[in-house]
Amino acid sequence: MSTGTNATLPLTVAQVRGLIDEHFPGIDAGGRSIELESVGHMTASCRLLPIERNIRPGGTISGPALFMVADFTIYVALIATLGEPALAAVTSNLNINFLSRPEPRDVIANAQILRLGRRMAFADVRLFSAGHTELLAQATSSYALRLK
Amino acid sequence: MSTGTNATLPLTVAQVRGLIDEHFPGIDAGGRSIELESVGHMTASCRLLPIERNIRPGGTISGPALFMVADFTIYVALIATLGEPALAAVTSNLNINFLSRPEPRDVIANAQILRLGRRMAFADVRLFSAGHTELLAQATSSYALRLK
Amino acid sequence: MSTGTNATLPLTVAQVRGLIDEHFPGIDAGGRSIELESVGHMTASCRLLPIERNIRPGGTISGPALFMVADFTIYVALIATLGEPALAAVTSNLNINFLSRPEPRDVIANAQILRLGRRMAFADVRLFSAGHTELLAQATSSYALRLK
Amino acid sequence: MSTGTNATLPLTVAQVRGLIDEHFPGIDAGGRSIELESVGHMTASCRLLPIERNIRPGGTISGPALFMVADFTIYVALIATLGEPALAAVTSNLNINFLSRPEPRDVIANAQILRLGRRMAFADVRLFSAGHTELLAQATSSYALRLK
């Protein structure tokens, strides 16, 4: 699978999924816990599944699982927007606010890239329980890019 | 196992480990990935093991694993300092800065509680590769407490 | 001037301005540098004027001036939404990202309260040069409230 | 005044003060509100004076004044450590936590650079009331550098 540098941008969900599976072959080793819902120019939406390793006693989704889906959804938005060169992006800062206690349900993460330079991207991501409108958590994050 | 409310504070490593194992029985389901190194009044040190699910392609420790050990080490410091009442602490904000690319080695997290009120605790945590002095990552975090 | 506890919420711009002038009589001692543009339920917009003390050599708006208008606009949104009880709100955390170099022009700050509890409010604020669409800076912030 | 590129590093307090006065001639227009206490390799300490424009009703130091001294002290540490090239440093992110209500007294800010690369610096700064040991506020901050 290759989307090459000539792929039309933004990539599709299938193209982003293909790139991730190709470059991170072990990512679903313990069972797939994140689904890509939609992608677009400067945006992406992912779904965190409430599989066992993401659940804490009392039935809440763990903080690290929320961190992971926030970080990953921004990464997906970068790949959708920039294609293959974004695979090298690395998180340099992530600030996450936990606003309400998540029920053990699917979590939807909606990321929006707010600024995209050649060396740095900055994004906002908001997390909701599927089917609910109350915000579970919100994060902003900076990514180091190495675009030519 | 019970440390009760009459336990001498700060708790020992064994007392903290006992409380965590009792209240989070499934925490090591996928293989123990964090060891408690030391605890004290307002402080704790933990070790993240480079087990498979914490490693990314290219051999680096994943961001969510670094987030997890940062968050967990502060939690350990709170339990050591306050005893059982701190088990109810929940993270309200965590700001993490990734400063250098971690080699696939043990990661040491040193947490220090900088402010401890009845409703809120605030802490700093610094992450290093075992045996190295260069900072891998740094985080500050606020926790909501429900102390009487 | 009094908006009392029976004022219809959200307050108007004039009501919010009145409360602030009453409780912070010296706020414009060095020359008024912030205008209230609009307020609503969970939202506010303010304008930072490029007066001399907000300008840095090279003609850019200073970081502390951007911090001030971000913080103040959220405070305005809280007062508009909650009325007089919000005057006691205090900032507990503010995370600001400076995304591009501001020209010495008016800066518009648009704040949105994302979560409002009895003890804590959480808001997002985005800063633009007047008439421009590129983001200058973005901040998220937590406020401690003392609502009954 | 010139420290040139051949100045011995770290610079002295007088050398840093000289560079700042030379490049920011209007910085004390409204009355000097920050004194440099000490500087060293990767470190600086500044004192915020409780002059009128930094005080809020009720006698507390304003949030923007605390932000300003936090940001400025890191800038001073960068100039002390790197000399003249650090004058071009710009703040890219600053995360500040307000931990207790400051009395209208001098505030001491102690900054430590935790990581210094060619393109980016990262620092921690802690704020105290002069003569007191309780933390008023803590901030971490990233700076963009343009070193050769």
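In this document, chain identifiers A, B, C and D correspond to the written order of the chains, with residue numbering beginning at 1 in each.
The rule is short, and it goes like this: contacts are C-beta pairs under 8 Å (C-beta built on N, C-alpha and C of every residue); 3 or more make two chains touch, one makes a residue touch a chain.
All values derive from a computational prediction rather than experimental measurement.
Novice: More C-beta pairs touching across which pair, A-D or B-D?
Specialist: By number of C-beta pairs in contact, B-D is the larger.
Novice: Which chain's centre, taken as the mean of its Cα atoms, is farthest from the centre of subunit C?
Specialist: It is B.
Novice: Please tell me whether the contact surfaces of subunit C and subunit D are same or different in residue numbering, using the over-half criterion.
Specialist: same
Novice: For B-C, find its twin among A-C, A-D or A-B: the pair where over half of the contact pairs carry the same residue numbers.
Specialist: A-D
Novice: What is the distance, in whole Å, between the centres of subunit C and subunit D, each centre taken as the mean of its C-alpha atoms?
Specialist: Centres of subunit C and subunit D (C-alpha means) sit 24 Å apart.
Novice: When the C-alpha atoms of subunit A and subunit D are each averaged to a single point, how far apart are the two points in Å?
Specialist: 36
Novice: Which whole number of Å gives the spacing of the CA centres of subunit B and subunit D?
Specialist: Chain centres of subunit B and subunit D, defined by C-alpha means, are spaced 30 Å apart.
Novice: Going through subunit B residue by residue, note those that touch at least 2 other chains and give them in order.
Specialist: In subunit B, residues 92-93, 95, 97, 142 touch at least two other chains, as defined above.
Novice: Draw the chains as dots and join the ones that touch; what shape do you get: line, ring, star, complete or other?
Specialist: Graph shape, chains as nodes and touching pairs as edges: complete.
Novice: So in the complex, the part of subunit B that touches subunit D is made up of which residues?
Specialist: Where subunit B meets subunit D, its residues are 95, 97, 99-100, 114-115, 122, 124, 126, 134-135, 138, 140, 142.
Novice: Can you tell me which positions in subunit D touch subunit A when the two form their complex?
Specialist: It is residues 92-93, 95, 119-120, 142 of subunit D that touch subunit A.
Novice: Taking the touch rule as given, give the residues of subunit C at its contact with subunit D in the complex, in rising order.
Specialist: 23-26, 29-30, 52-53, 56-57, 63-65, 67-68, 71, 90-98, 101
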